[in-house]
Each structure stands twice: as structure tokens, then as C-alpha cells.
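Paired with chain B in one complex and with chain C in the other, chain A is shared by the two complexes that follow.
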Partner chain A sequence: MGEMKFLSADKLTQWLEELSRTSTVLAPTQEDDAVVFRPYDPDRELRLERQPTMPPKEALFPGSETLLQYQYRKDPENPGKQTVEVRESQPAVNQVVFGARPCGARGFTIFDPVFEEGGYQDPYYQARRQSTLFVTLACSMPENTCFCHWVGSSPSDPRGSDVLLTPVESGYALEAITQGGERLLASELLTDGESVREEMEEVKQAARKELGQAPDLSDVPQKLFDLFEDLDFWDRMSAKCISCGACTYLCPTCYCFTITDEPKGASGERIRSWDNCMSYLFTLEGSGHNPRPTKAHRLRNRVGHKFSYYPRLHDQAFACCGCGRCIKSCPVCVDIREIILSAKEHPHE
Partner chain B sequence: MNSAANPYLPQIGTIREIIQETPTIKTFRVTLDDPQAMEGLEFNPGQVAQLSVFGSGEATFVINSPPTRKEFLQFSVMRVGEVTTALHDLKVGDQLGVRAPLGNWFPFQEMKGKDIVFIGGGIGMAPLRTLLLYMLDNREDYGDISLIYGARSPQDLCYTYEFEEWRSLGANLTLSVDHEFPDWDGRVGFVPSVLAEEAPSPHNTVAVTCGPPIMIKFVLKGLKELDFEDDQIITTLEKRMKCGIGLCGRCNIGTHYVCVDGPVFSYAELRSLPAEM
Partner chain C sequence: MTTLDELKRTMKEKLPELDVIIAWGQGFDPLHATPLFIRDADQVEQAVWNPLCVHNLATYLPWLKDKRVGVLVKGCDSRSVVQLLQEGLIDRDRLTVFGLPCSGVLDLSKVAERMPDDLGLVREVDLQQDQVEITTAKRAHTLEKRDLLPTKCLVCQYPNPVIADHVFGEERHPADPEQGRYFDLEEMEERSLQERMEYWKQELDRCIRCYACRNACPLCVCQDHCIAETRDPNWLRQEDTVREKLMFQMIHAMHLAGRCTECGECERACPMGIPVFTFKRQLNRDLQELFGYQAGTDPTAVPPLMTFRVDEENIKDRGW
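Presenting the complex of A and B:
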């Protein structure tokens, strides 16, 4: 059991200002009609009362980032010839992500085995991962789109976080989850938290209870595998889908990307950007052949990846943190929970 | 960040020679500018590279020269999209980016002592060329080596200037085009039909095939009719790829990523994967 501290509600902004002196603190901030993670600004209101619109995905995996920079130069000896020089871009960050929900922080535990522990390590992800701490806010009031308990998590899941904050009557109970988290709890604004431990446990239990029972999804990876060639099933599941990709962009665990070059005269950048597996263009080949030509094929791959392929490759973990953003953001009400249950209950032929 | 560890960072290479194979296919012979990198580059037949034209992007091509001939790396590129058009616009002496080697390779060790039947169509000859030349350069390790290679027309056949060398090194070539052409004295017909006519015996034999998806489909069917077992058939796949290192998420067939778990698969392996070609 890690160290336990208490922060009174009226000292929260002071603590964030203190943290901002040594790190960039990314906090849930209202921007137009969305709550997004932005560098903490005391003049802008923090929005901690509910799940942010965007997960903190951009903290470690920016929507668009420079991988390489290149420069063509004319050869002074031979003006008809030019040489190219390539430099790698090096992300330099030192940041604290404050106020993500446990599902948002846990999303990166799905990235880690792919970007850090596979045959190739992604140096851009790694650089940010190693210099980012997560101070996460446990949920006291789950929403009706929340299903973290289906995928082996809970509203106070500490995995992926360095400090877990739980709202209590007069402030927050703070638990250090990692050594990095313990360092953050050294602030003199924090007091001993043993007196609120019991209240904290009650808040956690109440939130978990509110979510209710979760279905057993242990047979879903195999069910989805068996349903692969049942295109009628996937046609039904994807009938409403308009391939807009809102689900993929808002998902804390979706990591598909594209790489493109952005030339500016004789120089330019190679950039990586989030991509969308629900798009026809995602797998379109130069010859015109497309292995995932319809939205049924593409939804099958997205759900299959999260609930069948990824678990088979990575210790049975679902590549889903149950945040429900795909359900909230879908303009045509596709609900991944219904797809999973339909697969689970589909009679085996 | 250690540059040696950055899998996205290409090495710079220079084009030494360009061969116009067909109206739409060019072969590029490339050396890495760092002589030590060129000297130290190790790869196996069937592995691929990502070639960059900075400003246009990257695309995946098989290294179609064998590791037994390392004076240059050879790539054959059909002009179909943005990057391949940019590659076709390059001249001898121009630089490009190279990330290599990537992916897996043909099981050339396990194939020792066996008769080999290559069945190629169009640009699908490129990966077969690597393995064919590797085997011809290690001729005593393999049994009979035969090649059935077809294209739409005589001018769509690649590597025609090498056919005599391949024959002299001990390969048996059967060439075909889709229909009659003046001065064509080879076979006429689609590759799967020529395969059926040639009817190679499956005894102690491995078949290696690459070509357009529709050709592969009927070649697989034809090989099964000739009683080849699933593990006696090897193919190499192509998918749209970006990262080439198993991360970006577009080349997977179920749990398998063609860029790192492939591009070479036996038919036995392919049949265990979901049908999403």
C-alpha cells in the first residue's frame, strides 16, 4: 500500500501551480464545446466533474508529430545534383497529466506492449512515456456509457497512473502508485491522509457498485474468431456505421497511424498522424485492391483487434478500457457493448 | 534518442543504375552511402525494404537481389501511386532513403535438398528472383529448379536480359504470355493453365509463388490438384504498409502483421489465418 495524503479542495489550484513550476501540467480544460487536456492555466476553469471529452492520448501520442526533418541541398561541385540530409526529431517533454480518469490513463497500458515491448521500440512514444506522470482522478459517478468493469478494470483502477486521487467530502485522498508518484506527493500543501482512507474506500466501492454486474467476456476472443467469416453478422453490426471514425479518434487505446511527408520547398518533414481504420482508404492498395472493402470488413477488424487479436497477442488483455467515448461520440448510436454481447450470444454453427 | 535505435530513420542510399524492365516497371540498383553500413548489411532472401523519396513518402519493396550478390541492393518498382511515381522520376546518382531489412524470409535452409518450382506472374517475379538467384548461387544445395513465369505480353516480362544466365546456372524456365504475339515462341496462356500443363510432381518438392492475388488464388488451387501439401507451398504477400515494424495497424490479417510476421507465409500458415486477403 502506497503513501496516503490529503489535499483540501481549496488548495488544489495551488498544488497545480506548484507542479507547473517544474513540469508542463496538462489538465482538463473547456475549449469550445469540448473538455480537452491543455497546459494548466489558472485563468481557465478546470473541468473535473465528469469524464473529459478527449482522453489524454495526445500527451504520449500526439494527433500529429514530426518524426524526421529533411533538407535537400544543391551540390556546390555539381549544380545538377542535390544531396539530402535527414535529421530525427526528438520530443523533449517533462509533463504531468492531471485529472484524467482511470480509463484514460489505463489506455496507455494497452500501448506499452506494442510501442515499448515488441520487436521494435518506438523512440518517440518511449521518450514521452518516460517523462510523463499521471495524476488520475478516480470516478465517483460513473456515466451510463461507462463499462470499464466489463474489461477487467474499475472506476478506481490504478494501472497506468502514478498518483490516484479520490474525491472525498472536503478534498481529495491521494495515493502514490509508483515511485514517480511518491515524489509528487512530497509537496507541503499535502497533509497526512490516513484519516480519509476509510471514506476513500467507501467512495471507490460505491462507484464500483453503481456500475453493477459485468458480463463474462472470457469467451469473446474465440467467439469473434469463429464469427470472422460470417459477413452477415458484420453487415448487421455495421449497418448504421457511416465510417466517420469518431470512435477511433476518441479512443484511449486506438493507436493506428499513418506516415506522410509534408514538403516545404527543398525541405520538409515526415510526420506521423492518427489514422482511422474505419476509412476505406486505410487499407486501399496501389493496385486498387482493398482487403477491407466494406464497412463490415472494417468494423470486424476494429472489434476483432480490440477483443480477439490483441488479447491473443498480449496476455488476454482487451484493447479497450471501457471509457464509452465511442458510444457517446457515435453520431448513429453504434454501441460496441451490443456488438460484443451479440457475438457472445451468437449461436455457434 | 540513439539514432541506431530509431526504426523510422532511413539510411541514405544512391541509385547506381536504372533498368527499364517494362513500360511501367523500373529496376533500381542502390548502394548505401555509408560504406560500412553497406558492407555490414545482412539480410535473407524475401526480406523487404522501405524506400523513401523525401517529400513524397515511403513504400515497401522486396530486396530482389540475393545476399550472395551484395555489390548493390536491387528493387523493382511498378509505377502505380505517388511514391512509385516519385521513384520513377529519379535518375542515376540521385539519393533516396532505405530502411532495411524488414520482415521475414523464405525458408531457404529448410528447402535444401528439395526440388523447387517457382511460379511467378508479372511484378510478382521480383521476390522470386531473390530466392532463385540465391539458390542458383548455392546450386549444389538444391535439387531441380524450375520456373514458370508469365505476364500479359512479352514486353511485360521482367528480367528478360537475365534468362540465359538463369538457364546456364541450372534453372529450367517455362515462359508464357496471356495470348499470341508476333515473334513469341514461348507458351501462351494464363500462369495457372501453364502450371496444369507442366504438372510438376509434388514429390520432395516445394512450390514458391507470387503474383497478382487472382493468379495466386488459382495457382494455389492448381497446386492442390497436383497433390501438393499445404506446407509444400510458399507465397509472399503484399499489403499496404506504413511503418513496416508492426505498429501502424493496417497490414494485419487477424493476429498476424504482414510486415513483421510476413511477407512470406506457407499455405499451411495462410489457411490458419482469417480469410482477409
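Presenting the complex of A and C:
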């Protein structure tokens, strides 16, 4: 059993201020209709009662980041000759992501095998990953679009978090999940938490119970693979999709990007920015050929990647944490759960 | 027979001549409707018609140009159909329009303002004439419908379809807003230019560039070839900055000048709650003042920016 602490509700802002002294604390902040992660500011409204509109994705994978800067120079002796100077940039952060839901923090466990393991080590991702801690808030009441239990997770899943907070009657029960988390629990504002352990377990179990039974998705990777050529199926599934990128950009596990050079005269920057498979340009080739010319091809890729191709490559893990943002923020309510079940129940020809 | 029953009966009658009918069905919870693509007669029963039918289904028409399509439209949506016909982007012969006079839809962001913590916990919704009762896992909320109407409904001049092959339900009266038809813009104009710029900087800082505003727009028809993302031409940098995002919004609004039918889908679609409809409203008011023109109201009219007059009545380009 990990170390248990208790934080009374009235000490929460004090703790956040304390954490802010040594790290940048990103916390869910109300901004008009949306709840987004912003550097903690006691003057702004902290919002912990609902799932944030955005997951904490930008903490490790910003909307755009500079990979390098370049400068072309002409040789004054020989103007035909040009040299280029390249300066790489490395992110330097020290941050604590506070108040993400377990699904938001767990999203990065889907990133890790892609950016940190195997043949390609991504230094930009790694630099942020190694200097970011996640203090996550377990859910006490799942929303209608939540389906974390379908993908092997739960409303109090600690994977991806360093500290897990569970709301209890008078404050929060805190569990250290990692050594980094244990260091955060050294604060004097926290008291011993053994007395709320039982209550914490009850909150966790009640939330899990609220979600109900999950369907067995173990055959879904193969089913989707079998449906790859069935464009009629994908036409029906994608009929109402408007092919925007809301689902992917709000997804805690979608990590696709594009790299572009953005010149200003003789100098410029090479940047990496988010890209998404729902966009026509995502796979448009230099020849003009596009292997995913319609929204049906593109939706097939989004679902297939999460529930078939990624699991095949990475120990059967689904590249989905069941947060439901792609459903609730979709302008036309495309429901990935429906698509998965339709694939599962599709008669095999 | 209720309006919905009548609608379903006619859809069943017409379906054999059509490839698809685009209607609304029940979404993932009682507070959400969703577009429903009806291909088989047994799907007709899934159709719904109520103030949660917010989507402008005309958005799908250019994608289905070669199909025989039936489409359900509210008054505002019907204006998009007219504009698409004017621009030759869809074919009237292949189109069957099912018109539904409308007394206003619900703006779910206004619902969210009134019950921010339990919007995702809705168990039951009871839509009455003037009130909406929403029961969530936590409590029951009784909300006044007039508080939940989006701007477009508060100022709606076309509650009845301007084009339709079949009309269902009684005719509705246009709104007569006390504060005037452009109260939202007037509120904005009370701020100084600098304040307005600060406001938009803060709003657009949240933009994630998903382009839901663009893809939900029925008149934004470049779609796959939008200069927001193309590198050739390379008009926008891919940096995640307010400057680029604002530039895109300006391009979108300018491309819609004289074409926007005020369905408000751009703003409704925005997952980050950015009020991007304001830009289009502003240009629509300018178009109204300059050319006395409202897009999508007359299939035979030529939109002002698709033609020219040597002497424009309201544009003094000589003798200042």
C-alpha cells in the first residue's frame, strides 16, 4: 500500500500556491464556456467539478513547438555561396499537471511507447515527460460519454499519474503512485490520510459501479481488420461525420503531427504542430494521390488506429482511454462506442 | 396526427425515390439529437423533431451532390439550401426538401451555463412549450426556454422554410427582438477597438485549430483544399498563435460575406466555445446596409459579391 495523505478542502489553494513556488502548475481553469489547463492563478476560477474540455495533452505535446531555428547567410566574397546555421531548441520545463482526470493522465501511457521506446526516441517529448508530474483527480461521478471501463481502465485508474486525489467529504485523499509523487506529498499542509482510506475506497467503487458492465472488446482488433476493405460499412459509419479535427485534437491519445518550415526572409523555424487523420491533407502525397480520399477512409483510420493497429503493435493495448471527449465535443455526436459495437456485431462474410 | 407522424409518413412515401433522407435522430443522451441518415424504411421511426434538432443538415448536401437526397430543414437551414442552389453547388432536381417551421432550438452552451457541473449527467429531458425540465444524476433543473435560445433564434426573421417541397406543422412568426436585430454587435461595439482586440486575443488563444467551424459551415465548400492548411499557396503559418488563428477567422468570414445564411453552425460546432459567429454577423450587417441583401432568401437573386453595378447606391467611391 502506498503512502496516504489527506488534504482538507480549505487548504487546496494553499497547496497549489506552494507547488507553484517550485514548478509551473497547470490547473483546470474556467475560460468562458471551456475548462482548459492554464498556469495556476489564484485570481482565476479553478474548475474541478467536471471533466475539463481539453485533456492535459498540451503539457507534453504542445499545439506547436519549435524544433530548430535556422539562418541562411551569403558569403560576402562569393555571393553564390550560401551557408546555413542551425540552432536546435530543447524544451526546459518543470511542471505539475494538477486536476486532470485519470483518463487525461493515462493518455500519455499511450504516447510513451511511440515517443520513448523502440527505434525512435523523441528528445522534445522526453524532456517534458521527465520533468512533469501528474496530480490527478479521480472521478466520483462518470459522465454519459465516459467509457473508460471499456478499454481496461476505471474512474480511479492510477496509471500515468504520480499522485491520485480522491474527493472525500471534507477534502481529498491523496495516494502517492510514484516516487515523484511521494516527494510532492512531503508538504506540511498534508496530514496523515489513513482515516479516510475507507471512504476513499467507497468513492472509487461507487464511481466504478455507476459505469456498469463493459462489453468484451477483445475480438474488436480482428473485427476491424476484417472490415478494412468494407467501405460500405465505413460509409455508413461516417455518413454524419463532417471531417473536422475536434475528436482528434481533444483526444488524450492522438499524437499525430506535421513538421513545417516557417520562413521569415533568410531565417526561420522548423516547427512541429498537431495534425489529424480526419484531414484530407494528412495523407495527400506529393504525386497528388491520396490513399484516404474520403471521410469514410479517414474515420476508418481513426477507429482502426485506436482499436486495431495500435493494439497489434503495442501489447494489445487500446489507444483510447475512454474519456468520451470525441463523442461529447463532436459537432454532430459521432459516437465511437457505436462504431466499435457495430464492428463487433458485424456479420463476418 | 402530430407534425412528427405526418413527417414520418411522408418520408416513408418518398424514400423509395431517394438514395437517402437526412433527418435528426436521438443522440447519445436525452439532451442531444444527432443527424440521422435514413436509407431503409425501418429507420424512419428513429426520426425526432424537437428543439434539440440544432444541426443544419444542408451542410451535407454538397458532399452528396450526385445522390437523390431528401433533407429536413428548419427556416434558417432552408436559407443555406437556397444559397447552395444560387451558387450551383447542388442540383434542385435531385433534391427533396422537407420543411419544418421552427419556434427556436436550444443553445446547449446556454444550458451548460445554467448547469455547468451536470451537463454530462443528464438522465431525462422534458421539452415543454416555454420550459425545459432537465433531470440529472444530481438534481432537477427547470429552465425557461427563452433563456436558452441562441442569438440566431432571438433575431430570427425566417422561422418558416423559404424553400420546401413538403411543409409540416403550423407557420411561425418571425422574432421581434426588443433590443434590435443586431444587439449582440451593438454590445460588442460599446467596447473600444483595443478592448475588442484584447477580447478576441483571449478567446482565440483557446482555439485548437480543429476547424469544426469551417467543416460545420454549409457554405464553406473548399473544405479539403482550404488555405488554412495548404502549403501551396502558403497563406497561414502552422504556428499555434493567436495571430494565425485570427487570420483564419478573418479569411473564413470574408469568404462568407454575402453568402452566410446565419445558421450559426460555426459557433455551435466550436468545442472550445469561441463566439466566431460574431464575425459573420458583423459582415452580414454590413452587407445588409450596403446592398440591402440577405443571403439565401431568394433562389433567383444574384449575391452582391458575385456581380457589380457601376454606381452602387450606398458606396460613394467618388465625391467624398
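Definition applied: the second predicted complex is superposed on the first by the 348 of 349 C-alpha atoms of A that agree within 3 Å, B and C clash if a C-alpha of one lies under 4 Å from a C-alpha of the other, contacts with A are read in each partner's own complex, and residues count from 1 in each chain.
Convention: a residue touches a chain if its C-beta (ideal position, glycine included) is under 8 Å from a C-beta of that chain, and two chains touch if they have at least 3 such contacts.
The shown structure was predicted, so the numbers you read here are calculated from the model rather than taken from an experiment.
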item	value
Chain B versus chain C as contact partner of A:Thr283, first or second or both or neither	first
Contacts of A:Ile327 with chain B and chain C, given as first, second, both or neither	second
Partner chain in contact with A:Thr260 - chain B first, chain C second, else both or neither	both
Partner chain(s) touched by A:Asp335 [first = chain B, second = chain C, both, neither]	second
Partner chain in contact with A:Glu31 - chain B first, chain C second, else both or neither	second
Residues on chain A lying within both footprints (that of chain B and that of chain C)	258, 260
In the complex with chain B, residue positions of chain A that touch it	67-68, 70, 72, 81-84, 86, 88, 90, 114-115, 118-123, 127, 225, 228-229, 255-261, 263, 268, 270, 275, 277, 282-287, 289, 291-292, 297, 301, 304-305, 308-309, 312-313
Residue ranges of chain A touching chain C (in the complex, touch as defined)	31-34, 36, 49-51, 53-54, 62-64, 141, 143-146, 236, 239-240, 242-246, 248-250, 258, 260, 262, 271, 273-274, 276, 279-281, 327-329, 331-333, 335
Touching residues on chain C, where the partner in the complex is chain A	20, 27-29, 32-37, 55, 59-60, 109, 112-113, 116-117, 119-122, 137-138, 202-203, 206, 208-212, 214-216, 223-225, 229-231, 237-241, 265, 268-269, 271-274
Footprint of chain A on chain B - complex, ascending	1-3, 5-10, 12, 52, 54-59, 78, 80-81, 84, 93-95, 97, 212-213, 238-240, 242-243, 245-255, 260, 274-277
